[in-house]
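All chains are identified by letter, namely A, B, C and D, in their written order; residue positions are counted from 1 within each chain.
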Amino acid sequence: MKETMIYLLERPKLRDPVFIEGLPGIGLVGKLAADHLIQELNAVKFAELYSPHFMHQVLIRKNSVVELMKNEFYYWKNPDENGRDLIIITGDQQVPPTDSPGHYEVVGKMLDFVQELGVREIITMGGYQVPELQGEPKVLAAVTHEELIEHYKAKLEGCQVEVIWREDEGGAIVGAAGLLLGMGKLRSMYGISLLGESLGYIVDPKAAKAVLSAVTKILGIELDMSALDERAKETEEILRKVQEMQRAMLEQSMPPQQEEEDRGYL
Amino acid sequence: MKETMIYLLERPKLRDPVFIEGLPGIGLVGKLAADHLIQELNAVKFAELYSPHFMHQVLIRKNSVVELMKNEFYYWKNPDENGRDLIIITGDQQVPPTDSPGHYEVVGKMLDFVQELGVREIITMGGYQVPELQGEPKVLAAVTHEELIEHYKAKLEGCQVEVIWREDEGGAIVGAAGLLLGMGKLRSMYGISLLGESLGYIVDPKAAKAVLSAVTKILGIELDMSALDERAKETEEILRKVQEMQRAMLEQSMPPQQEEEDRGYL
Amino acid sequence: MKETMIYLLERPKLRDPVFIEGLPGIGLVGKLAADHLIQELNAVKFAELYSPHFMHQVLIRKNSVVELMKNEFYYWKNPDENGRDLIIITGDQQVPPTDSPGHYEVVGKMLDFVQELGVREIITMGGYQVPELQGEPKVLAAVTHEELIEHYKAKLEGCQVEVIWREDEGGAIVGAAGLLLGMGKLRSMYGISLLGESLGYIVDPKAAKAVLSAVTKILGIELDMSALDERAKETEEILRKVQEMQRAMLEQSMPPQQEEEDRGYL
Amino acid sequence: MKETMIYLLERPKLRDPVFIEGLPGIGLVGKLAADHLIQELNAVKFAELYSPHFMHQVLIRKNSVVELMKNEFYYWKNPDENGRDLIIITGDQQVPPTDSPGHYEVVGKMLDFVQELGVREIITMGGYQVPELQGEPKVLAAVTHEELIEHYKAKLEGCQVEVIWREDEGGAIVGAAGLLLGMGKLRSMYGISLLGESLGYIVDPKAAKAVLSAVTKILGIELDMSALDERAKETEEILRKVQEMQRAMLEQSMPPQQEEEDRGYL
């Protein structure tokens, strides 16, 4: 495999779809939110993304079955005739932080793919690490174009969570949550990034809920949040394993343990 | 050399060949098992794989002769008319753990190559590091497709070693032993990974034996294990040198010793 | 995005343009000088350069708007009929020091682009770190061709700052300030590097002024320096944020914090 | 510059040329030997090799002139009608040890180039680090094909230095000195590696002399060694600067100093 590729399982016809991203990151906020959205809406998986920039390993799934590291695309057809459909992406990992070109390649492929499916608007979800929380977690917002601020403010009217518009000039949004907006903009796509304040523990369902209430408000859909907490627990268990693996492998890849590493393949 | 390439020494005609991988990894279990299989079966080397992702050095072989780092393909023709032939791969090293794209490239080339030779089934061998052994080393199994479990269980009936089916969801198989199955699956190949419990010392012939008794049971062939132990000793001696080289070079490549490294070429 | 690309906003007709580089580096001397030159001359932005070798993130600009990391090209049309026009490049960052091929790719694209616009002469600006300053910062000069020394000495006649011709054989100029001259030379372009002595604090307007007085002397233009100091303050504030981000991300990318990093995306 | 390229200054007609490599490495033995050979034979530079895998900087040469990092090819026409001509390569650096694919690319280009010029035989020169020297430094030899050993032994008959044939199975030759032989072998070229024992100080003219007396014996040419020692001194001074630069840059490229590095461009 020389470059990132997408396997299409089904070719959906979608009505002016909104592209929603939730991949692993701070507090797993984005991934939790995406997983919950997918399951509550019974969204349908229709494509898988594989990349040579992901870790060179397979994961053990249920029943002793192995699978490559991957990201997954789901679609949801809006029952409301006048509503818009959704494309949601989540997955096992993002490209490691040491591989910037890998990030640009993977996000570029994502955009090629969803643009072909008619996507113009992108919403990215994630966590925003803070040293301490004052009251309920707030949601930080940033957009691709200044004129969108009023547009989204109007849609967020009456949202239960407090949405703060970022003004930390020079601040950043790292990884897919940022690149999808920055690179999408160059293709005349537009959108918003919504990051939930989090202390950054392994999984943070509270921050995920905060982000989801903003996202659902923008999309004008209802969502039952009750299942989110247990889901968070399962996710935590599985992901802790993945992360231990990753850390272990990365530590092995450091010179002092290199010898180990050369023996470090399962 | 811009990318991984395979030199064909001979083009064998093979009967529904099974592809068996045993490259350096934990306790050198996979490599030991592959080397033993090759020598006991008098398998014939028919191709060599070279990659720019391997270490940038040559190894000294017997009689002051140098050779690039490489992996090697062997074939074995099954004397039994109704039996299946084998393709076995082993070699000096795997791509370093810091180079995921390199791993995907090399494993992709291996699969292109063996698929052309008619391979549908893959068996990967390796070690599984454990803090301590209870009794004889067990063998951990994982498969590409759930429906294979019964198939392999049946074949493993009466195997001397205990085979445990992995249920550590979120666990991983790193390197070629994992990628061959995960990437093969995307090409509708199928197979099993068999990892022998090991404390992870430089070479672990006991774990290799355990893996081989499971593999031979699945293949329905007999194998004399008596020579495995001395073979392990030789391997250990040669590999310790290689590993010292690697560690030395990697340490030199760290900044504090960078100056050394810049003088660090032989 | 698989490789560095340049977005053209406007195609200027330029008279024998001189290409002037000032990207982030020691004491931000080059960037400060370029920013000041751009604003005092009211230079016009006409192209943006994006690269997969830049950090995989977007920056927050004014009003909660996100933008990819980038470099920017400006032009200035010389009001003097017989004067030469300018192309000035500055930006958010250079390729990280761990990615040499990225540096060569980005600088190669810059040269392709400005050569097409008729550039033959290149002036690169930057800082030169010294342990302590004796009196006013001096400016260190190096050229692409020996015969240029007299040419530039003549132009620098009567310059307020002391220009020292480098004789530290084996010394180096790292990054775009060096590669633009070294690679440009291979395309029969020519030019000079002017580096202001700096203690290397975050921003060093004094060194930037020294470099600018040499550059403006060579170009034969007048420049009001009074605004440079406040400008330095603003720049410092924004850049400190960027740099904290970068350091944070890089620290996260180290193994011990890898787990963090996997949660380290906003 | 996307890949390694060679600039041809002159196209020589050569008689069955032998290719001799001496690039920076342990004790600079190879580079010293190559430089001395070039100057004593008045060899003519006819090509330059540039690579995006070299450091992203220019070096200051004499008279404030900058030049990209490079390797250089020289030829020598043998005055003896029946003698063979030489191609000698030396240069500023080798690809850093962290970039194996870069090494394979650069060495591949070298071989493409010299093969076109008719090279079949390769001699690589370098240092071999030892903890202590017993008497005069010995020279360690390894070859591409076993049958060459007798051939070279015959030529080395009566050589003043002791040549030891390597038998450290599993030992290695890192960098161009190894890859040229290993990769050349795959193109049916042949040759020998000669490494002089060295304590690995910055420059080791003694080891260089030892290697040169073996090389000249094989080539059947005479060489005055008297100038080698002063030459070593000059080289040392220049190279120490280069190496300090490299170390400094690499240290800066480590996370804690990342902030520095982002200001770390001259």
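Here, a residue touches a chain if its C-beta (ideal position, glycine included) is under 8 Å from a C-beta of that chain, and two chains touch if they have at least 3 such contacts.
Each chain and its UniProt protein: A, B, C, D = Proteasome assembly chaperone family protein.
Computed from a predicted structure; not experimentally measured.
Centroid analysis (C-alpha atoms only) places A farthest from chain D. Residue numbering shows that chain A and chain C use the same positions for less than half of their mutual interface. Bringing chain A onto chain B by least-squares fit of CA atoms involves turning it by 90°, to the nearest 5. Rounded to whole angstrom, the centroid-to-centroid distance between chain A and chain C, based on C-alpha atoms, equals 35 Å. Between the Cα centres of chain B and chain C there is a gap of 50 Å.
Chain C has residues 96, 242, 250, 253 in contact with two or more other chains.
By the definition given earlier, chain contacts exist for A-B, A-C, B-D, C-D. Chain B makes touch with chain A in their complex at residues 23-28, 30, 93-98, 100-101, 103-105, 107-108, 126-129, 141-146, 149, 165-179, 181-183, 185-186, 193, 195, 200, 202, 242-244, 246-247, 250-251, 253-254.
Across the complex, chain D meets chain C through its residues 1-2, 7, 50, 52-68, 96, 99, 102, 237-242, 245, 249-250, 252-253, 255-256, 258-266.
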